[in-house]
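Paired with chain B in one complex and with chain C in the other, chain A is shared by the two complexes that follow.
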Partner chain A sequence: MTRVDGYGRIDRTRTLSFTFDGIVRTAHPGDTLASALLAQGVTTLGTSVRLGRPRGVLGSWTEDPCGLVQIEEPFPEPMLLATTVDVVDGLVARGVPGRGRLAEVADTARYDHRHLHCDVLVVGAGPAGLVAAREAARAGQDVVLVDDRPTPGGTLTGTEMIDGRPALEFVDAVAAELAAAPHVTHLQATTAFGHYDDGFVLALERCGEGSDPRQRVHRIRAGRVVVAAGAFERPIVFEDADRPGVMLASAARDLLHRHGVLAGRVVVVFTVDDSAYAAALDLHRAGAAVRVVDARAEAPAGWARRCADAGIVVEPGTDVRGTLGDDRVRAALVGEARREVPCDLLLVSGGWNPTAHLFSHVGGRLAFDDELVGFRPAGDLPGTAVVGAAHGTYALADVLREGAAATGSATDAPHAEPEEITPRGTLWRTPGDPARQFVDIARDATVADIARAVGAGMTSVEHVKRYTTIGTAHDQGKTSGILASGITAELLGRPVGALGTTTFRPPYTPVPFAALAGRDRGDLYDPVRTTPVHDRHVALGAEFEDVGQWKRARHYPRPGEDMAAAVLRECAAVRGAVGMMDGSTLGKIDVRGPDAGVLLDHLYTNLMSTLKVGRVRYGVMCGNDGMVFDDGTVLRLAEDRFLVTTTTGNAAHVLDWMEEWVQTEWPDLRVRLTSVTEQWSILAVAGPRSRDVIGRVFADVDVSNEAFGFMTWQDTELDGVPVRLARISFSGELAVEVTVASWYAADLWDRLLAAGEPWGITPYGTETMHVLRAEKGYPIIGQDTDGTVTPHDLGMAWAVSKKKTDFVGKRSFARPLNADPQRKHLVSLLPTDAATMLPEGSQIVDLPDDGLLPPPPVAMLGHVTSSYRSAELGRPFALALVRGGRDRVGEVVAVPVGDQLVAVEIGDTVLVDPEGARRDG
Partner chain B sequence: MADTSVLTRRHPLESRRAALEALVGDPAITLEPLVSAVDLRVDPDGGALDALAAALGGPLPTAVDTWTGIGDGEALRLGPDEWLLTSAGTDPHRWEDRVDSLAAPFGGMAVDVSAQRVALRLHGAHARELLASGCSIDLRPGRFGRGRCAQTLFGQAPVLLVAHADDDLHLFVRSSFSGYVADRLVDAAALR
Partner chain C sequence: MQLITCPWCGPREETEFRYGGQADLAYPADPSALDDEQWARFVFFRDNPEGAFAERWCHDAGCRRWLRAVRDTRTYVFAETRPYGRTA
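Here is the complex of A and B:
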């Protein structure tokens, strides 16, 4: 055990039990998996991804490049950092050989999102962030303070003094003040992982294992963002520095003060920075034998004196060249002579890297500071302030002042004693074998890899990063990125400042997909839109299909029926008697104003302004390219009022399209558009007996063909509720569309079903509707078309006005390509065996003489767009787009189905009732 | 299925009423009664607003994204030339006729959208917090106080939020999306 009494913020009165690599171990609340394992002398956690070298922990938090573990319980998660996993009772984990595995069981935990708005967002609850939040709160601002550690305080160890008292007492006092302040949201264990334009920050809160939700993404919009994210220490590259037992000085200090763990008994500290001396003294005080190797020519006087007082040997002017050991480090190799200095812990400090990621995410520039020996934020970004160590300010008194100044006044900053500062050394690596000098321990990438990149001619750190993979692991190069810049600069013989560093991009730390998904999964993955009649469809046992976001009844199978049987039955009922379909999902747009007809003439290919009040016309809309993009019916309700219907999936797009033209091209037109899709529900009653059903329900209405002709509408009432009847048919049969305010649709559905009972009225779904319309050759836009099909291709030249001087798409029809007789035309296909169902999407080829598909390439004539079994025809049939198809009616071509070539005859699109006799009953 | 009963209005969220009202704690979520509503489109500068205010019993909102009370309903300004006017007591088609005839002299028009939406009421100190689970707009009382309204998204569904008080917000949603929104509210309420 390396736990030291009197240190750490863990709860030693309670013991937790966990399992690592199959061995049951104990920990205390407040332990991370890393601290608990180190406390028990476990220094090797896994092996590296490429070379299988042993891996321990280098850092003590998210900067750690190597301490990856696989969590098995409570829920399998791959490749988490042992330094960031809180131990909970029952935790089961194991080390990973570089890669973990995803869970194969469903995650039962819930993940959530929340939107937060504030005047000031402070990222980081170290001394700078706490003071910034406190000053903002005192000024009455809405404050959000997030910090990724479980508790506030940042890297304060408790040995510092602020305002004359121990630093952690100060931290507690500020936290208490914030908790009591109104309008302050203080979230620990919450990582701000992305910063975007206009003060938008994403943060991931880990609510705790067993919590509901387990994690929550906060989508924060802040008036100002104060980045007080601290800094990470960086190592120095030398041979075999990837060995377990080599650790950042700050990590050992953190483990001691946070977890009461002494990470080694015989310690060598290798540094070019004063901060490592504090670690040396602290570890010495906790019982370790410590020796300092300082690569600078002289050791800092004050620290050297304190070390001497403590009996710590300081060797300036030399360095560490390598390590010895099996799994764990056994000795440091010091100086050119590679003198063996025994140790079980080798601490390194190559200086610090400001954690300026959130500044960089929004385009903030980082510049190399020679004095700091690191990249720090340069210049200002509106709405963003970077303070404290993230800004390259490391002395506590200065950190506190910057924090206060960010949201208030520096004069209100708490007091801390000034610190002695001596110049930092610049040391990226010591001499040695580049192939054994690991730069990115997570990627097994070495100085030799960088040398290869430079040798290949790369001079940009961005290229070197991608060539060597340095900085692309889970840690995104928190310890290795700047080292790579420094070493690349050395190899190129250029100053590191001129070379720069790679760009930081979100996320700052890995974010689980489950957290990003939040509650947008399962039934809430995408909105499910339902019609007012939905419950009736459910009660009738409907199978549903998704059309856009709508659930539409596809067919209503009876017990024992599959879809094919149900659809054949429904089709036969409509063609033989009467059926009813819920057409409520059709898009509906109320077009009003004196210029309504003018607008519709502009947008439809045919004339709409000539339509008489009381009548209905089918229309086609094309894009600028002359390709069909929607179709529907238009009812003229009044001289200045039309009701336009659109396809279900295209309703919003058509309204946007119309609005765009009105607002940008023809703002002078006196016309307004209103979506009424959900205001009105449409129930389509179709079949030869539909007139009987309508006549029975609407006894006052003369439903005779003379009084109520095809493509006309009339208003009536039912129980005082306005109802519109329209003779529109999408099946070729006598049919009436019944429109009512959606509040009443469910009752009206019941009423029509009841009234149709004597004729066996049959609810039918979209699949049946598709078959019935296909038998009549009516295309479905988006199924039989794909944005490359003109009205002429569909055989709808009749729907393209020759009188109108212009309409959207007209100019494109004049292109030579549009007159090409080899364009694909919509035709029907009848398999000559009268039995084969052609799969939709099948290719169409010429029928070879020998009936065998020749080797590729084979010329494609087109493809099958719709394919069904027809009750009326007693055989399967299909619609297809076929090159020059209309001129090949009667010819036999072939469709490969599996390994068979199926012969099919090209026919006219209208297969049922070509005379159109049925529409009038 | 011999149904000879009179055609009756059905609330689109009737099947979810129990689940919503069974939520314990704060906020309480209730279904607002169905009301008549028109989408009014008219130029705000032509004197139409004064005429409508005089006839309808209350001023129409002059700022976009605000609302006022008018007679037995509300007037919500949805855009530069667009309002939603509701009435609890007037029949939908009469309401359209009435507003339409008032707007017509000014080149305006009204379209019946009564059945287009339903409204939910969220009442309680945590109403805004619950909405913040799915609404990205700033719902702090200082920014979205009584008198404000906004068209935004709740989750992935378009909604119209109306602030009646710090602890009282109404949410209009298209009927087809109302099941999704209700389910998401129930889900979010369970997560707090």
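Here is the complex of A and C:
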């Protein structure tokens, strides 16, 4: 056991049980998986991803590049850092060979989102952040303080003094003050992982295993963001420095003071920075034998004296060149002579990297500071302040002053004693074999890899990163990124400041997709829209299809029927007797006002203003480019009122389109647009017996063709409920669309179904509707068109007004391209074998004499847009866009299906009832 | 994610808005009077300045009103937003 009495903030009165690599072990509340394992002498957690070298922990928090574990219980998660996993009772984990495994079971935990708005967001509850939050709170501001560790205090170990008392007492006092202050939200275990425009910060709160929610994403909008995220120590590169037992000096110190773990008994500290001396002295006090190797020519006088007093040997002017050991380090190789110095823990400090990620995310520039030997924020960003170690300010007294100044006055800063400052050394690596000098131990990437990148001509750290993969692992190069810059600079013979760093991008630490998704998954992933008749479809055994967010009944299979059989039966019923379809999803827009007709004349290719009240007209809408983007029927309800219907999937888009014109181009038009899609339900009764069904339900309506002609509508009532009947047909058959307020749609459905029983009324779905309309050559916009198709291409020149001086799209029709006879036209295709079903999307080519597809390139004539089996025709058929198709009617072309060429005859689009005799019954 | 100030609703998140391209491109009074190139320029060509750019935005997930914005294409910062069609 390496647990030391008198140290750590763990709860030693309670014991937790967990399993690692199949062995049951104990821990205390407050332990991380890493601290608990190190406390029991487990230093090797797994192996590296490429070379299978043993891996322990280098850091003690999110900067750790190597201590990856697979969590099995409570919920399988791959590749978490042992240093960031809180031990809970029953935790099961194991080391991984560089990568883990995704869960194969559903995650039943809940994840959530929360919006926070504040005057000041402080990121980091170390000394700078705490003081900044305190000053802002005292000034009466709305404050949010987030910090990624479980408890506040940052890197304060408790050995420091603030305002004359131990630092952690100060931390507790500030936390208590914040807790008591109104308008302060203080969240620990919450990582600000992304900083975006206008003070928008995303933060992930880990609420604890078993909590509901398990994790929560805070979407914080702050007036000001104070980044007090601290700094990470970086190692120095030398041979075999990836061996377990090599650790950052700060990590060993953190493990001691936070978890009461002494990570080694015989310790060598290799440094170019004063901060490692504090670790040396702390570990010495806790019972370790410590020796310091300082690569600087002279050791800092004050620290050297304290070491001497403690009996710690300090060797300045030399370095560590390598390590010996099996798994764990057994000795450091010191100096050019590679003198073996026994140790079971080799601490390293190459200096510090300010954690300026949240400054960089919003475009903040970093510049190399020679004195600091690191990149620090340069210049100001409006609304963002970086303070403390994140700003490259490491002395506690200065850190406290910066924190206070960020939100108040530096004069209110708590007091700390000034510290001795000696120049930092710049040392990225020591001499040795580049192939054994690991730079990114998460990626097994070495100095030799960087040398190869530079040798290949790369001079940008961004390129070197991608070539070597340095900085691309879970840690995103928190310890390795700047090393890579420094070593690349050395190899190029350029100053590191001129080279810069790779770009910091969100997320700062990995964020589970489950947390980002929050509650928006499963049934809540996307809204589901159902019609008022939905239950009836379900009861009838309908299969549904998604059309936008709508669930539409696709067909109603009877026992033993597949879709093809069901659709053939439904088609035959409509063409032979009567069927009924729920058309409620059609987009409906109420267009009202004295200028309603003027607007519609602008937007439809044909004239709408001349439509008489009581009548219906089909219309096509185009964009300025003359390409069709929607179609539908228009009912004139009154002189100043029209009801426009749109395709189901395009309803919102058409309303937006109309609004856009009204608001931005013709604001003087007196017209109002209202979506009434969900207010009105439409049931289409179609087939030669539909008149009988309608006549039976609406006994007082004269349904004769003379009294109720095609493309007219009339209002009536059913038991006092207003109903609208419209003679509109999308099948070519005699048909009536019955519209009723959605409250009554299900009841109306029942009545029509009952009334149609004598004629075998058959509910039909969208698939049957598609077949029936295709047999009549009616295009589905978006299926038979793709945004490059004009009304003329569709054979709908009849729907394009020649009288109107202008309408949206008209001018484009006069462009020469539109008159090209080789444009693709909508035509029908009939496979000559009368048997092959052409897959939609199939290409169309000329039929070669030998019937064999020639080697590519093969000229494409077009493609199949719709393809069905027709009950009426007794054969499959298709619609297609074919180059110059209307001029090739009767010709035989070919469609490759699998490795066969299927001969198909081009025909007119209307295959059923071309005379249109059926629409009037 | 930026905040965009809707003239009707106040500052709202960018995701509530829909971008509508360059502003102030009036629909020609008589499109038939334009030659093909002039028409094509109206339909397909848009400015792409470095700096201030007058744009149309629609507060889709809010009041559904169109607005006219001036935005700096280098910094994305909105210099102003106002109801569409109004000069002040």
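To be clear about the criterion, the second predicted complex is superposed on the first by the 875 of 921 C-alpha atoms of A that agree within 3 Å, B and C clash if a C-alpha of one lies under 4 Å from a C-alpha of the other, contacts with A are read in each partner's own complex, and residues count from 1 in each chain.
Methods note: a contact is a pair of C-beta atoms (placed from the backbone, for glycine too) under 8 Å apart; a residue touches a chain by one contact, two chains touch by 3 or more.
For clarity, every value in this text was computed on a predicted model and none was experimentally measured.
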- Message: Output check: A:880 vs chain B and chain C. Expected answer is one of first, second, both, neither. What do you get?
- Response: neither
- In the overlay, answer first, second, both or neither for which of chain B and chain C A:901 touches. neither
- Quick one: classify A:806 as touching chain B (first), chain C (second), both or neither. second
- Message: If we overlay the two complexes on their shared chain A, which of chain B and chain C does A:113 touch? Say first, second, both or neither.
- Response: first
- Task: Could you tell me if A:611 is touching chain B, chain C, both of them or neither one (first, second, both, neither)?
- Result: neither
- Of the residues on chain A, which ones does chain B touch that chain C also touches? 221
- Note on the structure: Within their complex, chain B touches chain A through residues 1-12, 15, 34, 39, 41, 92-93, 107, 109, 111-117, 132-140, 143, 155-157, 174-177, 179-180, 183-184, 187-188, 191
- In the complex formed with chain C, which residues of chain A make contact? 196-198, 200, 221, 624-625, 656, 659-660, 663-665, 667, 805-806, 810-812, 814-816
- Item | Sites on chain C touched by chain A in the complex | 1-3, 14, 18, 20, 26-28, 30-32, 34, 36, 39-40, 42-44, 56, 58, 60, 64-66, 76, 84-85
- Query: Touching chain B in the complex: which residues of chain A?
  - Reply: 110, 112-117, 142, 212-213, 219, 221, 519-520, 523-524, 526-532, 535, 550, 590, 592-593, 670, 672, 674-680, 718-719, 721-722, 740-748, 750-751, 753-754, 757
